[in-house]
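After the structure tokens below, expect a handful of questions from me.
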Amino acid sequence: MERGQTSAAGLPATARRTVVVGGHEFGREFVIIAGPCAVESEEQTLTTAREVKAAGAHLLRGGAFKPRTAPTSFQGLGHPALEILQKARAETGLPIVTEVMDARDIETVAATADLLQVGSRNMQNFTLLSELGRIDKPVLLKRGMSATLSEWLSAADYILSGGNERVILCERGIRTFETTTRNTLDLSIVPAAKELSPLPVIVDPSHATGRASLIRPMSLAAVAAGADGLLIEVHPDPANAASDAGQQITPEAFRALARDVRALVIHLRGEVREAGVA
Amino acid sequence: MERGQTSAAGLPATARRTVVVGGHEFGREFVIIAGPCAVESEEQTLTTAREVKAAGAHLLRGGAFKPRTAPTSFQGLGHPALEILQKARAETGLPIVTEVMDARDIETVAATADLLQVGSRNMQNFTLLSELGRIDKPVLLKRGMSATLSEWLSAADYILSGGNERVILCERGIRTFETTTRNTLDLSIVPAAKELSPLPVIVDPSHATGRASLIRPMSLAAVAAGADGLLIEVHPDPANAASDAGQQITPEAFRALARDVRALVIHLRGEVREAGVA
Amino acid sequence: MERGQTSAAGLPATARRTVVVGGHEFGREFVIIAGPCAVESEEQTLTTAREVKAAGAHLLRGGAFKPRTAPTSFQGLGHPALEILQKARAETGLPIVTEVMDARDIETVAATADLLQVGSRNMQNFTLLSELGRIDKPVLLKRGMSATLSEWLSAADYILSGGNERVILCERGIRTFETTTRNTLDLSIVPAAKELSPLPVIVDPSHATGRASLIRPMSLAAVAAGADGLLIEVHPDPANAASDAGQQITPEAFRALARDVRALVIHLRGEVREAGVA
Amino acid sequence: MERGQTSAAGLPATARRTVVVGGHEFGREFVIIAGPCAVESEEQTLTTAREVKAAGAHLLRGGAFKPRTAPTSFQGLGHPALEILQKARAETGLPIVTEVMDARDIETVAATADLLQVGSRNMQNFTLLSELGRIDKPVLLKRGMSATLSEWLSAADYILSGGNERVILCERGIRTFETTTRNTLDLSIVPAAKELSPLPVIVDPSHATGRASLIRPMSLAAVAAGADGLLIEVHPDPANAASDAGQQITPEAFRALARDVRALVIHLRGEVREAGVA
């Protein structure tokens, strides 16, 4: 445990950093990323892309390479999924967020992705992190499912110290004894991370809770906790999704949620402005 | 593990129950409880009571009997603290919340308290719970620090099944591997508890985080997650508090927080109203 | 967290303390406690008592008052169970271990018990601990299911500082994310506790694992880890037990286990003697 | 959570599999792996190799590529370390165990290693696992620090389903709230894993406890729990080790431990034989 170390980049946490992805500035604007857990087909992806765009999402997420616990589970469509994501961007203009699982795939995935995601299981894949430090593309670093804040920030330092300063942190729930939810969403890590690091921090309530009915309250709570954005799984037909069926919400539910998230951001920023707080 | 059981009281979770304490209706109004971790002196308690009253708190908390890990730690003033709390109520009109640790003290503590708190360490003190089921006084049941939702609701059932239906649940953080915060505040348990139980659920960000700087974001997040109230530790001079020095906030910080909590409640209720949601 | 405090009794951990119960000296002899989870009937208890006595158990355990998660679960026979335990002792000569859940029951339970058990859920029932510090009867203090070593030793200090120096610690598994076993048996806490405390430490593999098939390997592992004794649930007909059906073993399995535990203790003590270690 | 799945290799758990590494048969013989956390120099490695060989170790461990939490920590000597390990094998005859962190390094590391280790942080690096499934070299798969048994066995299935059936599991402690030890050694997972999988299971008490004083009791406990081998960190001068200083033991302590482990294995196998158990 090497706690309390200063960031490799040496920036004080108070000097907030912003990260621009496809014209959206994480850390200044509140950014909503939405889309299916996995790219299953062109139709499913384009339908979802149009819906979340209309609802106000800023970026489209969609898994091409899926890290799955068992080798017999659906592993994602792979390269064809990247082509589908490109079509979705061409049509909707939404920048793309997708996961890279292997250092050898960085170039290929980066050719499609506007923001490269490192998943929870790879938070300490130091080879992958180091190589992402050498590219010119922003990285979304998910917290490991049992990573301490210190370990998470150290993982970010592997990317930062390579020279890539465009890192966004994403809380996605930690592993505890509670079984009601898939993981336990640790919202207090959002302000705690901001005390120690200048990086933007967003929240993924979908993987954290594993339950569609909890996405709305946890999204609003993330906003109130000071998150800089949300990553929400949306599927046109959640019940028949190829993965994470229980936690994806419908485009309709997303639309109402995105509207209320925006209103809450405006409310809270007004409040902060009145109070004269930065 | 006996998960999924229905409440002893047999009420569907959707039929929300409200619990009135000193004129305030938990589950309908958003109720803010504030006050020092422990009653240390008449002056400290009365000063705090006046301050939190002026800031808009609805109830006054203050520990008379303190459950402490080590026998050599400050254990609370005991009975003299109850008299001080009575004076604070007489002067400010604030109803009193204080902990009862022993079934034999119920009568004495209930003579002062308007709301009897069962602490985290006693969540499965079944003797205490059973006897609280036989009295005519509302009970605030804190979640055990490693209790599942199912165990917490079962603990509530010990009180409910004795005939006392005025139970309020309080999330106060669970024990995880993360050491940045004292405990991990599990806000997703708020909506999850409401799916299974009709009882009001409030949140204690002070014990959950153990850090004064996190009280404000976690309080706002609790409101957004759907909590019915907050329990916040306030001390006129946190640095010199006899216990929990690191997590108590000043009356001034509380005033700003209470104002923003109220504004957020109004904002969110308006939003819900517009959306036509119940 | 008040870690690293010295024991209230002020003894260095290296000066091992022994605790005599009914002629058996914990901390010098290896002591095996066996018996049913709960006293269900005179026949069940006497049958088990005879069997475990014949197999070499030193003490008989049996629950009269059972702390149960839900109010509708079997709560134990209560006072009649104490009478049955007395009969079992009269017939077999086995000293009795049974749980006391309420400070008001201490006198009654102590009239039957030779060793009073404080259960996991009551490890921080400070009223109960303090009163047990004032009686002249040894106490078996189970570790709380999410208690740190420091908190466990502090709980013991509540008893020790009252003047009762006859305390035996019992590891019974902690709560983790792993669901294969009921709890996770933390055997490293046995030597770790002995580095900080002079008290004997025994192990309960039954509650720790919740699975009959794991009792044998975990019992032997506990011996090898340096435990001073074992607490094992034995039932003449585990499948039809009123509680903990999955983790109780048959008298036959217990007989083979007790034999192998004894042989292992002899083997390990011989090894230690040869090595010239204390 | 995909629990209870059958192994990709389809073998019933009861048909124990053995894995031969450099003439030693895991699953039939009890195999002791020892050596430094990291290869720091030729002298340090050769000294340790000679010592552990003399003490009866069967394989030599030594890290060439070290997964470290922070980018500024010592990352291992890399390729030169592999050459040093080859010299150690040439001189002592001890087969080599070393970690591979990156799929691109498999060929290089496999040219030196007799047993390729997958570390805890890479347990769900599915790319690495899949490629290890295609090579003709045994793999030591450490349990992830928050992996359930089901996830661990699924990770093994990634290797097995590729055609590489020579997989050995290694328990190395899980992450819990307890801070006395670095992790919590979960010995009950040893017999639990054997109920569900035919693979050999060994135990690493060094990383699990993080404390030299606990290595001996936990090693003996692992043997008693049914482990098929041990992985122990030994350093000629633990206090000045470049990593894991607190948990490495001296060659002298290792010698006494290896002797007692052998004696315990003989004792327990004799006991099992007498009892007529397989």
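In order of appearance the chains are A, B, C and D, and numbering begins at 1 in each one.
Note that in this section contacts are C-beta pairs under 8 Å (C-beta built on N, C-alpha and C of every residue); 3 or more make two chains touch, one makes a residue touch a chain.
The structure presented is a predicted model; accordingly, all values stated were derived computationally and were not measured.
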| item | value |
| --- | --- |
| Farthest-lying chain, centroid of Cα atoms versus that of chain D | B |
| Comparison of B-C and B-D (more C-beta pairs in contact) | B-C |
| Same or different residue numbers at the chain C/chain D copy interface, by half rule | same |
| Length of the line joining the C-alpha centres of chain B and chain D, rounded to whole Å | 48 |
| Where chain C and chain D are represented by their mean Cα positions, the distance between them in whole Å | 33 |
| Between chain C and chain B, distance of the C-alpha-averaged centres to the nearest whole Å | 35 |
| Chain D residues counted as touching two or more neighbouring chains | 146, 150, 175-177, 179 |
| Residue ranges of chain D in contact with chain B within the complex | 146, 175-177, 179 |
| Chain B partner contacts - residues on chain C that touch it in the complex | 1-2, 5, 8, 67-73, 101-104, 121-122, 124-127, 130, 145-146, 150-151, 154-155, 157-158, 161, 175 |
| Chain C residues within the chain D interface of the complex | 3, 146, 148-150, 174, 176-181, 184-192, 195, 208-209, 211, 213-214, 217-218, 220-226, 256, 260, 263-264, 267-268, 271, 275 |
